[in-house]
């Protein structure tokens, strides 16, 4: 874990509120594992006061790539930065997705949830067959397709709610069939809470091993503020930042 | 290099900078960022007798230059903290202060006595001012009478220096400060967080289950500085100032109004190595102002 | 388009947005930016009987997301303000509220009576809460007894609706609010600025000659919102909420805790056309939340 | 007076904390008079909360130029902006320097105080002889010399405290002689308070007409907050933003 001054090499707007950043951050880049995230200080100003957690899309030392949606105050300020600007980057943080060799792994990504799964695929796709189920509201939520196609996945299933790309519908509509036909042993997922909750319900009682990467409000990102608590089925809280962000899907108490 | 040491009367600290309770975990988490030995002391996250799960999420809400929190003093309980302290003490010489909490006066006294007995613990800080334990933000520090009783009771059971941490939400913070020192507090620390709130307009609910939460961070500095000055004017025990400190400049402001040391809180979240930077800034300001020791300016506000 | 009107009981305003005293000059200065008629009302800068020079500079100090001010109620005196009001009234139909000040109770009553007699004036706001008149920030609104006496005395002399403006620095703001309404206030407004301070570490002096100054702006919103909620829970007269409002979202938060209207202050300095933007944001939020009138959500916080 | 969204066309660092901005702001540019200033919002963040007052260096519709020193929090954030960024600009604000036709005018500029006087010279130098006395601590405080030389001034006197450019010393060292030898009727000045105070002392009781542009903390810039008060010799306060920033030098109560 390092707090380093990263240098933005490239910053692009991809449309639909999505942005891609390439940052020279050698220490983070050298240590990043799929599932890790960083805490980014978007401005020298105290407003916003806190850093923003962002997953690592890809890491090829000395660079890391971030892919994010600019919606709120902080991410919009981030979107105003360009090449040559510097950025304080604390990371890599959190745990990572398990490697699970020898299993058939299905990656399930909703919108910007693609980030840690892309990273996973980038690291492991050469070593074993990976499947990706990728969904969003509209085609604007499904960026990076060129890069994804270059990953040598065994299969790619795309869903959009409005049918503007891939099959029309929620990605969960396709889950049942894909799990069955592709004989997946493991799911690794990331996406909106409602999507993960639905996955948990659908995968319950099956023999698959399921890991999900969660989002939570974060004060610090390294375990000291206890702001990022998530409730588990046993009624206790876990810290998403340092006990997660990846948890067994079954362990989390999903909203109903 | 400037001499950063400060004298609390009962103990000399090598730096005026102490890390504030609840914002520094149990110290260990900061070992990757700098040598804790540069600090005057560290305060552990508030502890009760038993493990506590803390409040349901959301526990944080960001405001302009501020942070509302309703962590609810999540923690592993006293026995586990004792283990953590032994482990930490083996790795650093920084003085360790335990932030003592309680649901009632008896629990405060019991927890205080437990940690008073540990060699690895330098001082105790009595957290009578946390707004996140009960709904509505009630705490002993809101009332001078209760504070006096509680401080006496705890003082009887401990041998370590006792810092009493005050709430800015007290009806009369100066009266509470006086009650605390008259009842045996060796030092006062202030401020804890200010009661505030936020509303989710979509659900029409308060953001926090407890409705109110505690505001910290740079937003509160002008308010906290004023309260620290008010308390310093009446205090005969050393006062540890805090609230929104983010720079060496801020630290010197607190000294000028009378603080004998300071704590830094929320800034640690934003910038894990904040204490390292601020230490350098204090040295630079001292050099610029040609001050050899912070005692030269303590309480020297010309007003 | 959404219906923005709000009903104060004694008067309907076409918008919930009122511009706060001391942050909107005498209205005229904003004519280049938008049609004042979009506002529910405007409050004039606080006025005493006689002209006042105000405090020596510096009068402002910027803090993170906040502003400390010690203007000291500079102003041209009541006679000159009457002229200004007549002139302004000829140019806009927006209801004009006069912010009445006084060095003592008699002056408050006298100034109030003077403006109560003007047809061009819609309401009076009794500024019993300015921290910048006396050193140390003392004001009638810090004490329920004084507030009750003063409000009764003023109420006897006026025929216009009387809003009493409360201080967040009161020992017990809810008690002061109750005293004000029980003594005849037609509405309450809060908060005025929070007492704070800043120090010039080079000169070792407080930044402000009066030592303390009043903090306003987004930094205080979480604190002010909580106080407005506390007062709304006990108030049977309408409450006008303010403190750090900078967006339509903020306005709806104040309504949910019970405000019947709001005032915007410091944001006017940063963004002269703030009221125009915020009006649009309120409409957009109402549409998003499918609310036809703000009365649907007033006080509807589910806590 | 307009609050308009200006677009940065060019932003350059000139060395020594000094920056030059070229901004497309047609409404401000069209109305600006020498001595006017603008209030610039440096960031969408509430920290800093207030705008920053900056003089107008030059205006050629649709552009205005700002020349500023990045010292504090707000001006440093401004310095981070570049071409393509936009900036809220409220102006033109304040009064302006009197034209005073038919007189011999001596412009006296300390450091960044050059701003309104440059604007004055740019507008009036073609019409009548102007003299400029320009001083700073070091050569870094004396930027824009090329542009100044292009202004067709009748004479230019340069002082630097460390002698790194022009004559060594304070510009007030040269004042006496220049006023006498060049037979100036009027002085227009802008610079640090200490410099203006010294000028007031030196010019007192002489027959010159003297106008100075002042700096003050500003909350609003358009007359509503009363934050920018300056004390006059008669003991009353004047608002620098709308009653100034240009005042008769003799009218101000200078610190002693």
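Letters A, B, C and D mark the chains as written, and numbering starts fresh at 1 in each.
The definition used in the following text is that a residue touches a chain if its C-beta (ideal position, glycine included) is under 8 Å from a C-beta of that chain, and two chains touch if they have at least 3 such contacts.
Not measured: the values here are computed from a predicted model.
A.B. asks: If you apply the touch rule, which chains end up adjacent to both chain A and chain C?
C.D. replies: For chain A paired with chain C, the chains in contact with each are B, D, in label order.
A.B. asks: How far is the middle of chain A from the middle of chain D, if each middle is the mean of its Cα atoms, in Å?
C.D. replies: Centres of chain A and chain D (C-alpha means) sit 52 Å apart.
A.B. asks: Between chain A and chain B, what is the gap in Å from one C-alpha centre to the other?
C.D. replies: Their C-alpha centroids are separated by 36 Å.
A.B. asks: List the centre-to-centre spacing of chain B and chain D in whole Å, with centres computed as mean CA coordinates.
C.D. replies: 47
A.B. asks: For chain D, which residues are shared contacts with two or more other chains?
C.D. replies: 46-48
A.B. asks: Going by the contact rule already set, what residues in chain B reach two or more other chains?
C.D. replies: Those would be 63-66, 217-219, 246.
A.B. asks: Graph shape for the chains shown, where an edge means the two chains touch. Line, ring, star, complete, or other?
C.D. replies: Chain contacts: complete, every pair touches.
A.B. asks: Touching chain A in the complex: which residues of chain C?
C.D. replies: On the chain C side, the touching residues are 64-65, 218.
A.B. asks: Under the stated contact criterion, what part of chain A meets chain B in this complex?
C.D. replies: Listed in rising order, the residues are 1-3, 41, 46-51, 88, 90, 216-220, 222-231, 235-237.
A.B. asks: In their shared complex, at which residues does chain B touch chain C?
C.D. replies: Against chain C, chain B makes touches at 63-66, 68, 171-172, 194-199, 201-206, 211-213, 215, 217-223, 225-226, 229, 244, 246, 249, 252-253, 256-257, 285, 289, 297, 300-303.
A.B. asks: Touching residues of chain D toward chain A in the complex: what are they?
C.D. replies: 43-48, 73, 76-77, 80, 82, 85
A.B. asks: Within their complex, state which residues of chain B touch chain A.
C.D. replies: Residues 22-25, 29-30, 32-33, 45, 53-54, 56-67, 69, 71, 74, 217-219, 246, 266, 268-273.
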